[in-house]
Structure formats: structure tokens, C-alpha cells
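The following pair of complexes shares a single chain, chain A, combined with chain B in the former and chain C in the latter.
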Partner chain A sequence: MRDWTKQRTERARRLEQAAPFATGKVVKADDVTALLQRVIRSGDRLCLEGDNQKQADFLARCLTRVDPATIHDLHIVQSGLVLPEHLDLFRLGIARKLDFSYSGPQSGAIARALDKGNIELGAIHTYIELFARYYVDLTPNVSLIAAVCADREGNLYTGPNTEDTPTIVEATAYKSGIVIAQANRIVDKVPRVDIPGDQVDFIVEAPEPFYVEPLFTRDPAAVTESQILMAMMALKGIYAEYQPKRLNHGIGFATAAIELLLPTYGEQLGMRGKVATHWALNPHPTLIPAIESGWVEQIHCFGSEVGMDGYMSARPDIYFIGKDGTLRSNRLLCQNAGLYACDMFIGATLQIDLAGNSSTVTPDRIAGFGGAPNMGSDAHGRRHVSEAWLKAGHEAAGGAGPLVRGRKLVVQMVETFGEGMKPAFVEELDSIALARKLGMPLSPVMIFGDDVTHIVTEEGIANLLLCRDADEVEQAIRGVAGYTPVGLARDRKKVEELRGRGVIRRPEDLGIDPLQANRNLLAARSIRDLVTWSDGLYAPPSKFRNW
Partner chain B sequence: MRDWTKQRTERARRLEQAAPFATGKVVKADDVTALLQRVIRSGDRLCLEGDNQKQADFLARCLTRVDPATIHDLHIVQSGLVLPEHLDLFRLGIARKLDFSYSGPQSGAIARALDKGNIELGAIHTYIELFARYYVDLTPNVSLIAAVCADREGNLYTGPNTEDTPTIVEATAYKSGIVIAQANRIVDKVPRVDIPGDQVDFIVEAPEPFYVEPLFTRDPAAVTESQILMAMMALKGIYAEYQPKRLNHGIGFATAAIELLLPTYGEQLGMRGKVATHWALNPHPTLIPAIESGWVEQIHCFGSEVGMDGYMSARPDIYFIGKDGTLRSNRLLCQNAGLYACDMFIGATLQIDLAGNSSTVTPDRIAGFGGAPNMGSDAHGRRHVSEAWLKAGHEAAGGAGPLVRGRKLVVQMVETFGEGMKPAFVEELDSIALARKLGMPLSPVMIFGDDVTHIVTEEGIANLLLCRDADEVEQAIRGVAGYTPVGLARDRKKVEELRGRGVIRRPEDLGIDPLQANRNLLAARSIRDLVTWSDGLYAPPSKFRNW
Partner chain C sequence: MIPQDIAHEPSWYESSARARIDGVLDPGSFTELLGPQCRIMSPHLALFDLPPAFDDGMIVGRGLLDGHPVAVAAQEGQFMGGTFAEVSGAKLVGLLRAAAASAGTSQTVSAVLLLLDTGGVRLQEANAGELAVSETIRAVLAVRQAGIPVIALIGGRAGAFGGGSLVASCCSRIVMTEQGRISVTGPEVIETNKGAEEFDSRDRALVWRVTGGRSRALLGGADRYIRGDVASFRAAARDRANPPAFDIDTMRAEQVRLEKRLERYGDCHDTPEIWARMNLPDPAGISEIDDAAFIERLAATGGAHDAR
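Here is the complex of A and B:
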């Protein structure tokens, strides 16, 4: 007779061993390491939340203190690997295998750890791909999560940074796993229930509030004229032409420039109400002027952003706000929104090759891709139409027809030379060298060229939808690659022919005077301007305050 | 000064007007229509849950009784439109516009209502596409949902049929909408909290338990030898060759036959443990023999299935089960699992054209597609590799390489002649005529040909991955289309050439003797056999009991 309840029995066994360290569900901060030592087993799949922003940092610290002789070979399955402690787990021999989506500050450390053989890399996922695997073949045995507060029954209030938490907890709790939450405070009653207590096994009041990274704040003061020019081209050459109402902006100064130009240049172009009304977007402070100017109808958020909570709470008609008065974010839902309900994704990258493949991964820095592969892919399952989507699809197919699908607009904005004057356009992505080194059968690519519709540089826009073969794609890319080696090696005749067909468009082809591209065009030129636009509701973190 | 809290004010106004009909959150069944009349406004977007299986049928009935002079022009946004009452709303002039995913029993009635102009059709979505739009441009103002029980604070227990409920409620509750739940019982304490009470405004104890449709039960007694032959070809020609471990099966007798052959024919082929170990799947009773024979490691479910609850509760190592001991399903999560974490989707269709486009929509029957467009599409955002996925991608590309993505296996199983001897293979999909009639810019297509990798009929398997141009795709399809006009019009020489290359494979090419394809090969030959396999835990609904 097969035993069909092994997981449940194992769970009960662990809970029993942990019991001496808890009163009900409540664990004292000093007892957490001992508790972890009893509820975790070597070889477990473990999620140490690890979101895009919010970090279960206290639990991470406690986990680094378990005895590697007892607990080792953990398989870490979490979207964000951003704290030094996340890497320490591998260095100390507590964890061995890694499946993740995004690093960032740890991108260099991950590359070094892989090099040393300290980390066995599963895969670099897009967020909802990793979440999807939580329900199929990467279900966590134990999840360590973070909340703003908890009551003694384990009901959790995540506040504006709900992010990944419900998705992590559901997978763990309903597969006989163990869920442990750190909370900033344990209270009698939570302001709202983001996670029901019956999905949570243990709670601990952390000595300090969980760490949140202000990831999406771009200071308008740092926006350059080159980025303003690119933003103008994007607005006139893409937004005005396709009129995407529903969209996502990635992180970066070029898209921040677009946000800051909506109430000025966008207004001149008569676009208010016609484009960019509905967003799947993190709470970018640089969108405040557009919101206040009446451009935006609704925004759903992946997570929150430090300093934006008060502003969003005061704008419930725009944001998703709970009855407690604060934002409800949800990364799974917002990524779904970006995949299936948006007509455009526009974002930055580090490198683009001659087929339009792009990557931010190099042998020295394994940054992960976060949501970009998902948001920047054409959803073949989409069945509803919009004008923007159909227009893109008809351009790609060379005509309309009852069986001609639309296409998502996937726009990559990149200056021809990046940090340290490194060319953004390359014959071969650096990530291919990494794949060779690590023996990966597929190179880490952020967005594949067949999904990219437009590339915007300071030299112009390349419309890949209108390219009819790989050679045209290559010349269209070379044609906007400026003075990089890739750009200099263009076939000038072919590039001019593509320009004649509107595949490549220069600022002058769009009626844009580069001299007009100056900082006076920005609706806000500093963080302080954003605070003013927000009527004092936006409270930027101190590192962005310079007045 | 712009008012940024209009939605919240409107919500408060409605709740105030509804107050006389509720004691706290509890509404008497007799008062529901009066309450609805006060909380709903003409033009509202309304979700009347309306899942794949579970139905808020009592609330649906109450809604048909509101005064159309007061409440009209509702925009219905719900995944399933399956009850007569759903259609009545349009007939009575209460609702006008419709965005949905699946009908089924109402597919004929929807077609007639569209014809009469009673329904303004938004779009036919795949499930998570509609859910995604709940967070972008189709956010419900009011949602009417169904639960097994509720406590007086509004905490809901959905039982095994959680399905769409969390996704609907989150969109509505966090955008100042109103959520009303019918519950089979109001209790002091719910067995587990599927929906926290602070997201629910009103609860009513319905006179009868909500209706659930047994949608996924296929009686093994009705499996034909032709379907068994197709299942054998699929197992030997696709499962054994690509070895997909993670997969979804659609509904239908051919895929039920595969499930019933795993412990017999699959065992002969030595495939146990090598394929089909992890599933995103509804609780198909026909999978019981494979589960009991040790084929299956884990299953995540979109919804539940009538009669399967006791069996699943006793198999918590396989299914996702709550601490209350019953299944937790979740359509959003399971569709994500199907999209991003599965290597294969295999399902049936009604019509396939010469490019491999398939549809179940005809001018007379608008059935919707449910999850098929999502599950049956290649996710371009996927970044993790598996052997099955890579093999398919390399076949399509004609080779491997660091930039050659994998492909999802998307298999369509169809007998060459369907119900009433209607050919399944057609020169033009019937849905194109519908698109013309209704002026739709895009024909309703379930799965587009560019995502289909294999077509299996009783004549053979066509591997579209190996086709190098549209003409080869056409001949590969004609080559398995049997005696249909499409099949008869094949270019025999070309078809033989494709067969020589393994693009088309006949039973004999696979070493399958059609005479072996008989019902003795099925692990269960009746519903009663399934009950026996389940050790008496499976409790089939009475309509399937004939002993």
C-alpha cells in the first residue's frame, strides 16, 4: 500500500520539532535560527522572499546562521536575489542550487559564485515563469516571507508591497509546506488581510522593518538631452502613430523622459486621452506630472515604491487601493496584465545584436531579466483586438485579413554607447560567451529579436515590423547604431533604401528638431519638482533629496 | 481641483442605499434583488461568476429580476457564460455588452443573440487574458460570486472549486467595487479562508447549493477504437520521442484514452517516470489509474470536478490540498502553470484549416475557447530549458544553437470526421464566415497554426515542426486528413516524400498494429472501473452511474 500523505506527515514532524520555539504561531526573534534549523531539511526547495523590492532580510540573516553540517544543499527558488545574505547561503554551503529571476546589486557576485562553482544554476526566469513553476516542478517546501504586520493567528498585512507574497504562500501552504513570516510588528488586528492566517505557520516580530529598495525612482535632474530626443522620437514616431492606450514602461531614464514629456510634448501633439491611459506599471514618481495633468485613468502595480505610498493613497481613482487606504500590488497579476492586456512594452537594454536579440547578462554580471521577457513578448494566446495591436500585426504581415493576428509593440530604447562608452550594438551578445563557459544549451536572452518591433536610439527609430528578411533587420539595426562598430559597418545604400520605406526614421524624418530636445521640455526637472507636482504627497527617500 | 476619490464616494453612496437590506454583511435571500437594484448602476461592468464549473446561479436568478428600466446596459465581464440566466440578462435588456471566454451549453444561444443584435460582443478571450483585463481596462464595478460557506465577517470558503474567485474579487475590491457572495451556508467559522472578509461586502445564504457542472468526466465506456489508435500513436510518436514531463491535457475522449493507456501501453513502452509526471490539469477521473499506478508526481488544478473531491483529499501528495483537507484550485495560477511551466498541451478541436489554424467557433455555435489559446501557445517569455522543449525548438529551427529557443509541444488530436460525419479538415474555417457576418477584424481562432507542432488523426501524425514552408504544412495536414475532401485533394507524391522524411507518420511507421488498438488496452473500461481503481474514493455523479 502506497502512503499518499508523506508530505503531510513530514510537515507534522517538522512542526512538532519546532514547537518548543514557538508560542502558538509566535516565535521570538532570538529563536528564529533554532526554529529554522528544525523546520528546514537538507535538499529542500526554499523561497526566501526575495521580491523585486521587499526583502525578508531578517529571516535571511537568521538562515545564514544555521549549521551547514545539518542544513545544506538547499535549492533556492525566489524571484529576487538581491541581498548579500542571499549569496552568503551559497558561500557557506547552506544552499547549492538556484532558480531566480532578478539580481541587480548582486549581479557581479552571482557571476563570481558561478565561476567558482559555488552555485549550481537552474535557470534565469521571467517572474511569472518562476511563479508558474512553483505550482508544477519547483514547489517550495519552506517559504520565508515578509509582512508589515501580523496578528497572533498569522493573518498578514503586507501593506503596499504585497508583490510576490500571495503567490509564494499559496504554493507552499497548499502543498504541505511551511510558511514563516517576519513582520515589522505583531498587532491585535491587521488593517487588512493580505494573507489569511491559516496559510501561515509561524510569525516573528523582526528587530527592524523589512528592507525595501527604491528601484523605480529616476531623478529628472539626471535625464540627458540625448534621452529627451529619444523620448520625443518615441512619442511622435510610435505613441502617436500606433496610439497604444494600455502599456508598460520598463525602468530607465529614457522611459522616465517619456513620462516627463507627456504633459508637455505629448500635449503639443494632442495625444492626451488617446494614448497611455491604462498602465501595468510600478509606481514611477516620474509619472506624477502626467497623472496630475489628467493623462492617466488607471494603474495596476507589480509592487510599490519608497516614497510613493502617500501619493497613491490620495489617488484611489487611479491606483488599486484597499479599504485600509493603501496600495494593493500583486506581481503575478500585474505581469499577467502586462502580458495579455497591454499593447506596448517599452524599455531599455544593455546589448542588442544584429537580429535584435537583447540581453543585460554578461559573463561578469548576471543581472537577470525580471519581467522583461514576459512583458516584452508577443502573447500568442491573446484573442482580443485593439487598434494599436492590429496595426502592428498588419505591418508585420504586410496586410490585413481575418487570420492576421495583431502584434504587441515591443520597443527597446538604447543609446548607442552605454556606460564607459561601451557600444550597445554588438555582433554577438556577451551572454553567448557566458552560455559557452557554463555549458548552457540556451544563451540568457532578455528579449528575442523576433518579438522586438522597434529600436529607438539617438540616431533614429528602426521599425523591425516592416523588415521582410533577416538582412533587412540587420541593416535596419545597423542604421540606428550610430558610431558603434556595428553602426559604422552599415550598407549605406541599403540603409537609405530602408529610410525611404520608413523602416528607419531619423529625427528630421519625424519633423523633430534635435535642438528642441532640451531639459526645458521636461514637466519636472528635479525630484523637488515631482514633490511639488504631487502637492507634497510624494515623499522621496533621503538619497534623492538634495534641497 | 480634481476629485480623485470619485469611485470611493460612489461606492459609499451605493452601500448606504443598500444598507436597509442587510444586517451587517448578511442579506436575506428574499432581499437580494432589491439589494442588487441599489448597488448596481446602468452601464456598470459586472462579473457574475460564471466560472468554468462553479456558478453563482442564485445571484444570477436574482439579477434577472431587477427592473430593466432602472438597470440596463450592463457590461458583462466573466469567464463562463453557461447558465440560461446569463443569456436572459441580454434578452431582458439588463445587459448589453459581453466579454467572455467560454460558453458551452449556451454556445447556440449566444450565436442567436448576436444574430438578433441582443448582445454587443467585446471579445472572446482566453481565461487569463480576461483576468488580465480585469486589472487594466475591464475592471468590474460589481462582482457576484459563489462560495461553499461564509462567516458573518464575510470570510469565504470556496472549497475545492476556488477557480476564478480570488482573481475576480481582488480586481473588484481594490478598485472600490462591490463584492456580493452567495454561500451554501453561513457558519460561525469557515474551514479555511479562501477570500478574506474585508474584500467582501455582502453575503447571502442561497436557497440551494451553487450549481457545478461535471465538465471533465469522460466515460471510458465511450472511448472508441479509433481514439485508442490515436492515443497509441500520440504515446509512441510524441510522448516517447520528446519525453514531456510537465503537461496539460484538454478535454476529450482522445486525451482520456491517452490517460487510460498510460498504465498499460505506456508501461509496455517503459515510459513510467520518464513522461507525464507533473500536470496542470483539471481533476480528470480518467487519470486515476495512472495516478494509482505511480505515474504521477504532482497535479495543480484549475478547478475541481464533481465526484473527485474525496479521492483528491485522500491523495494530498499528488494534489494541492488545504489544511482543511480539500483541494485548492486556482484558474489563474494553473493557466500560468500551463503557459510557462508545461512542455506540452494536447487537446481536441472541431476544425483545422490548411495552415493548421483551428477553431471550435462556427456561425451557429460560439463556444469560446477557455484556456486553449493560452495553453496551446508558445510562450516567448519562457527562459528555462527542458529536453522536450529544446528538441521541439531544434526541430523547428533545423538545428541547435545558443540563440535557438525551444518550442512548446502543441498537439491537436482530431478524428478526420466529427459529429454528423462533418469533416474536421476544411479549406476555410467556419469562424471566418462568422467574422465577416459580425464585422470582426480578426476571426475567432482557438489555436493559430504557427503554434501547432503536431496533428494526430486516425490516419497518422503530422509533425509541423519539420515542415519548412507553407506548402509543406498544407501537404502534411492533407496527408493525415483521411477521406475528407481536404485529405482526398492531397499531392500524393509530396505526401509520400513528407512521410519519407518522418514529417508524416502512419501507424505502421511507428510500429503500431491497428488491430492492437482495442478496448482491452484501456486500464479502465467503465466509470465503475474508475471507482474500483480509486478504492471507492471517486464518487461519480449519478448521470455517469449505470450499474
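Here is the complex of A and C:
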């Protein structure tokens, strides 16, 4: 007869072997490596909590110290590969296979490791895509997670940076896996229970608080006039026209400029209350002036941001705040909100090709996707309507009708030349060459052209919804690609025709004088100004201060 | 809706050197000498494949302040970090020498305004830059000896580092904002030579706490602390009566003041320690309060350190 409880038996066996290293659920920091050595088996699927913000960094360090002769061929399934230790696991032979979403600072190291064959790559996912697979075919056997504090029963307070934790723990704990948490402190009573203790097997007080990267802080002092011009065009040519109330912003400087223009330029345009009231958004400090000016109704967050916790706690009408008074974030739920409940995504990219496909991959960097492909894609399962969604759909279809569905506005904002004067517009994405080199069956594309509705550059806005064939898309893109080789190769007559139809719109077509694009238009011109706007509640990390 | 402290008047920190000159002088009164149309550019930058500027980042000339003639020099901190170099240095030295020579003639000026915004000597032309700094110092002192005050206005992005700090400390007056910085050695240089434990240049709060306007004003390294808008700089420049004497008594008094300062605070590691020892209330909060509150607190110290 088939044994239906093999996983449960295996879990019990591992817990028994680990028992000598724990008192109840509490493990001493010095014993963690020995404990890991007992509870992990070669070939396990393992999630080492790490996303673009918080990191189970102490547990990561301990895991790199296990003996690769005993533990090897781990299959790492986690959203972010961000710490050097994450790569060390592959270099040391502890891990072999990888499924992930985002790499950020390790994007160069991943590309090199792939090239050398140190990593067997499953796939680069979006966040919710990977989380979905936690429940289908990538369920972790062991998860190593991070919490702010824990009590002795294993109840965890993950606080403002809750992020991925509930999703990881749910998948692991209910499928006979083992959950080990590092906590900044072990306390008698946690301020609130984010993760119930019966889902947690071991806790350890880490020698240092877990690391959090301030990822969404854009210094207003670094916003350029060209970004301000693009932001003005977006506000007048897209926000005012479609009036998207529910939206997500990327983390670039051009969208930060939009946030900083809402209380000034947006106010002049009379848009307050009509657009951008409900957000799926990380706690961007640059949104503080708009919040304080009454633009924003509510915001749900993927994660937190260093320095923003005090401000958010004082604005519970805007943010999702626990009864303990601090933010609760949740990456899975917020990504889902961005996919299904938002009318618009607007963000930056590195490269756009002639079909509007955009990618952040360069030949030597694999940054992953994070959430952009979900934010920046039309959800075909969406069935509720909004005016912005319907208007975009009708433009795409060339008319209304009982079966004409809406479209999410997916806007790419990009300066024609990026860092190091590299053209942002290209004939072929670098990701295609990369996929060829690594033998990947699918090129890593962040947002496919058929999802992109608008491209905004300093030269103008291209509305791809109004393009009727691939040739028009190409010329609309060339028509806003400035002095890049792609832009110079435009068919001038066709571009003028598209401009006549409103497919391409220049600043002057929108009644914007580029000389208006001045830093004095920004509601805040420095981090210090943001602190003033927040009434001293925003406490920026030291690296962003100039006082 | 915008908080008053963020009132959108032009900010000195954000303005270009030319916009600062326009904001300080009587409207339309500025006459530039050797302006960009003369195209007197650095002969050295091409060697390094670096683009030159038509004015070499130094704007000099004459104008009026409340109807009185003044000489003005402004560094463009956004070009090569506002550096002292061969051409920019010669323009500045020429202006200062002309001002000194003008004393007692019909061409005399009532003050020289130095709008410093500099990281110090331009590395690509270091020898010429070092010479320019010493010639500038000599020329500043000559102007002061001729009875004309030289006023340093510091609140730009580059601050006043290296030679710029030496020049500033030779002036009759130093006017500064919170964001302005003065230091001989830049934070990155200290870190490179002494390690991040000695001075972490990425800890921006530390950098400003030590080199910024508040610290300098409290320690007597700057005579006036003002808000960061252009109008406040104009007001400060107008107040040029009664400059400190340029004589041996002033020098001796300054020597005594500096010796005492070293004795009292020489073993401190960070500015809040100094502020605590000065018996200032809430030393840790001094960087956090707004300008109006700081100016009040500064006045309460009675801190008339006449640094010169």
C-alpha cells in the first residue's frame, strides 16, 4: 500500500535530528549552521528570503558555511538574488539550480555565473509568477526567513517590511516543510502577529538586524529638467486625457518627477481628485507632497522604505496599518492589485525596440524583472470597468462595442539617451543576444510591445493604441526616438502624418513650452524639503542627506 | 498648499553662477569682463579629452549693489567642480588686482563679492591651479589692505573645499547657508587616506554635520548664517559696513581664539560633542531644526566670533 505521509515522516525525522541544537524553538546564533546541516538535505528546494528590500542575511551567511560534501545541489527558489552570499551558494557548490525574479546589485555576478555554468537556470519570473509556482511545482522544502521580532512560541512580527514572508511561510509550512526565522530580537510579546507561531519551527536572534535596502528613495535634487518636461507631457497628455484613478508608478526619476509635479503643475491643470487617487505603490518619499496636498486616497504597499515608517504610521487613513500602529506590506497581494486593480502602470526601462518591446537586460547584466511585467501588462482576466480602461480599449479597437474590452495603460518613460549616452532605442534588444549566448528558449523581455500603450521621451509621446499596423508602431517609436540612430532613421513623412493623427504628440502639440520645464515647478527640490512636507515624520537615511 | 519653508523662491544651491550674480546685484547692472564670447578657455582640458567651457567656469565683472559699484567673481560649481585652474584663476586674480588698484580712484568699488562654489584645484592643471590659489590669496589680502572688504558667499553644491576654503578664510566676511560647506580636505580624500572609520564620506549627515554651514557658524568659521534663497544672499551682501580691520591686532586676536578653540574642542570626534561642550541645548537636534529656529539659536549663543 502506498505511504501517503512520506513528507510528514521526513519532516519529523529532520526535526528530531535538529532537536539537540534548539531549546524549544529557540536556536543560538552559533548553532545555526549545525542546525541547517541537520534540517536541509541535498536536492532540497530552498527559499532564502531575500527580495529587493529585506534580507534574511544572517541565515544566508550561516548557509554558506554548511559542508558542500553533505549538502549540495540545492534548488534555490526565491524572489531576490541580492546578497553576495546568494551567489556564494552556487560558487561553493551548495546550490545548483535557480528560479528567481530579481537580482539588482548581483545582476553582473549572475550573468557571469550563468556564463561559467555555475548556475542551472530554471526561469526568471515575475514576483507573483514565482509565488504562484510555490504552490504548484516549486514548493520549498525549507524556508529561511527574516522577522523584526519573535516570541518563544515562534510568533513573528515582520512589521512594515512583511513583504514576501506570509507567502513563503504558507507554502512551506502547509506542505510539511521547515521554516526557520531570524529575528532582530526575541521578545516576550510581539507587537502584532504577522506569522502565527505554529507555522514556524525555529527562531534565532540574529547578531545584527536584517538588512533593508532603501530602494525607492529618489532625491528630488537629482531630477533633471528633461525629466520634468517628460513628466509634464505625461500629466497633460496621458493623466489628464485618460484620468486613471488607480495606478502604479515605477521607481525611476521621471515618475518621481510626476509625483513632485502633482501638487504644482497637476494642481494648475485642475486634476486633483480626478486622477491618481488610489495606488499600488511602495512608500515613495517623493509622493509625500501629493499626499499632504490631498491628492491621494489610499496606498497599498509591496514593502516598506527606510525612513518612511514613522510617516506612514501617522497616516493610517492612507496606508494599511496594523492595530499596533505600523505598516503591513504584502508583496503578493500588492502585485496582484497592480495587475488587476490598476488602470495604469508608468515606469522606466533601459531599451526599447521597434515593436515597443522593452528590456532591462544588457549583455553583461541580468537584473531580473521584479514586478514590472505584472504591473506593466494588460490583465486579460479583468472584467470590471473604469473610464480610463475603457477609453484605452476603445482607442485600440478603433471604436466602442458590446464586446470591446478595455486596456490597461502601460506607459514607458525613457530619455532617448541613457546612462553613458547609450541610445535607449535599438533595432534589436540586447536580451536577444544574451538568450542566444546562454541558450535560453525565451529572451528575457520585461514588457512586450503588445502590452505597451504609450512611450514618453523628451521628444514627445507615441500613442501605440492608435497605431493600426506594425509599420505604424515602428514609425511612431522612431518619431519619439530623438537623435538616436533609430530616431534618425525615421520616415519623416509618415511621422508627420502620425503627428497629424495625434499618434505622436510633441510638447508644443500639448501646449507645453519646454522652457516651462523648470526645477522650480517641483513641489520639493531636496530631501530636506520632503522632510519639511512630512512635518518632520520622514526620517531619510544618512546617504540621502545634505544637512 | 506648499509649506512656507519650501517657498519657491530661487534657491542659491540650485542656481547657476550667472543666476546668482543676477540675483545679488541690482537688476541689469552686471558688466562681465572676458565673458564667454571672448572664448578664453583652458588650454589643458583637450589633452584629457574633456570639454572646455567658454568662460572656464569663472565669471568676473562689475556691477551695482544699491547703486554702489562692486566687483564680483562667481565660480560655476557644475563645470569641473568649480575648480581653480589656469584661466579661471587668472580671471579671478586679475579682478582682485584691479579692485585693489582702483582704491581711491574714480573706478573704486565698495566691495568685492566672491561667490565661491568649488572643490579646489583642478587636478588636470594642478600646478597652475595651486599657483592660482596662492595668487588669489595674495590678491585678496591686497584688496583688504586697500580698505575694500572682500565678502565670500558660500552655499553652492560644491561648497568651498581645498584652495577655496583657504581663499574664503582670508576674506573679510564669510556668509554661509546650511547646505554650504567649508573644509580644506574633502570627505572622499580623508576617507581614502585615513579610512572610512576616520571619516565615512558616504555618511552624508556626518559630512554636513562637520563641514556644513551650521557647524561652521557655531564654531566661528563663518560670520553669518543665512537661509538658502538668493534674496537672503543679496541682503547679506548689502550688509558690508564695518568690515573687520586688517591689522596685526586682528591677527593676534584670531590666533588666540583658534588656540582656545583647539584646547576646548580638539579631542572631540563629532560636532554634537562640540555643541554639547558649548552648552547648547539639544546638541543632537541642531541639524534637524529649521533655519529660522537655528538662526535664533545661533543669535542666543552671542557668537560674535569675528574670525578675521
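Note that the second predicted complex is superposed on the first by the 547 of 547 C-alpha atoms of A that agree within 3 Å, B and C clash if a C-alpha of one lies under 4 Å from a C-alpha of the other, contacts with A are read in each partner's own complex, and residues count from 1 in each chain.
Quick note on the criterion: contacts are C-beta pairs under 8 Å (C-beta built on N, C-alpha and C of every residue); 3 or more make two chains touch, one makes a residue touch a chain.
Being a predicted model, the structure only gives us computed values, none of them experimental.
Peer 1: Determine, for the superposed model, which of the two partners chain B and chain C contacts more residues of chain A.
Peer 2: Counting contacted residues of chain A, the larger count belongs to B.
Peer 1: So, does A:Ser293 touch the first partner chain B, the second partner chain C, both, or neither?
Peer 2: In the superposition, A:Ser293 contacts chain C only.
Peer 1: For A:Ala524, is the partner it touches chain B (first), chain C (second), both, or none of the two (neither)?
Peer 2: second
Peer 1: Pick one for A:Asp451: touches chain B only (first), chain C only (second), both, or neither.
Peer 2: A:Asp451 contacts chain B only, not chain C.
Peer 1: Return first, second, both or neither, reflecting whether A:Ser443 touches chain B, chain C, both chains, or no partner chain.
Peer 2: Touch status of A:Ser443: first partner only.
Peer 1: Considering only touches as defined above, state whether A:Leu403 meets chain B (first), chain C (second), both or neither.
Peer 2: Only chain B; A:Leu403 stays clear of chain C.
Peer 1: Where on chain A do the contacts with chain B and the contacts with chain C coincide?
Peer 2: In chain A, positions 294 sit in both the chain B and chain C interfaces.
Peer 1: Note which residues of chain A are touching chain C in the complex, please.
Peer 2: Result: residues 221, 263-264, 267, 289, 292-294, 519-520, 523-526, 529, 532-533, 536, 542-547 of chain A touch chain C.
Peer 1: Residue numbers of chain B touching chain A in their complex, please.
Peer 2: Against chain A, chain B makes touches at 2-8, 99, 122-126, 128-129, 131-133, 135-137, 139, 155, 167, 170, 173-176, 192-194, 196-198, 245-246, 278-280, 294, 298, 300, 314-318, 320-324, 328, 330, 332-334, 336-337, 339-342, 355, 357, 369, 373-385, 390, 400, 402-406, 429, 432, 435-436, 440-445, 448, 450-451.
Peer 1: Touching residues of chain C toward chain A in the complex: what are they?
Peer 2: Chain C reaches chain A through residues 1-3, 5-6, 8, 10-11, 13-14, 178-179, 202-206, 208, 212, 214, 287-288, 290.
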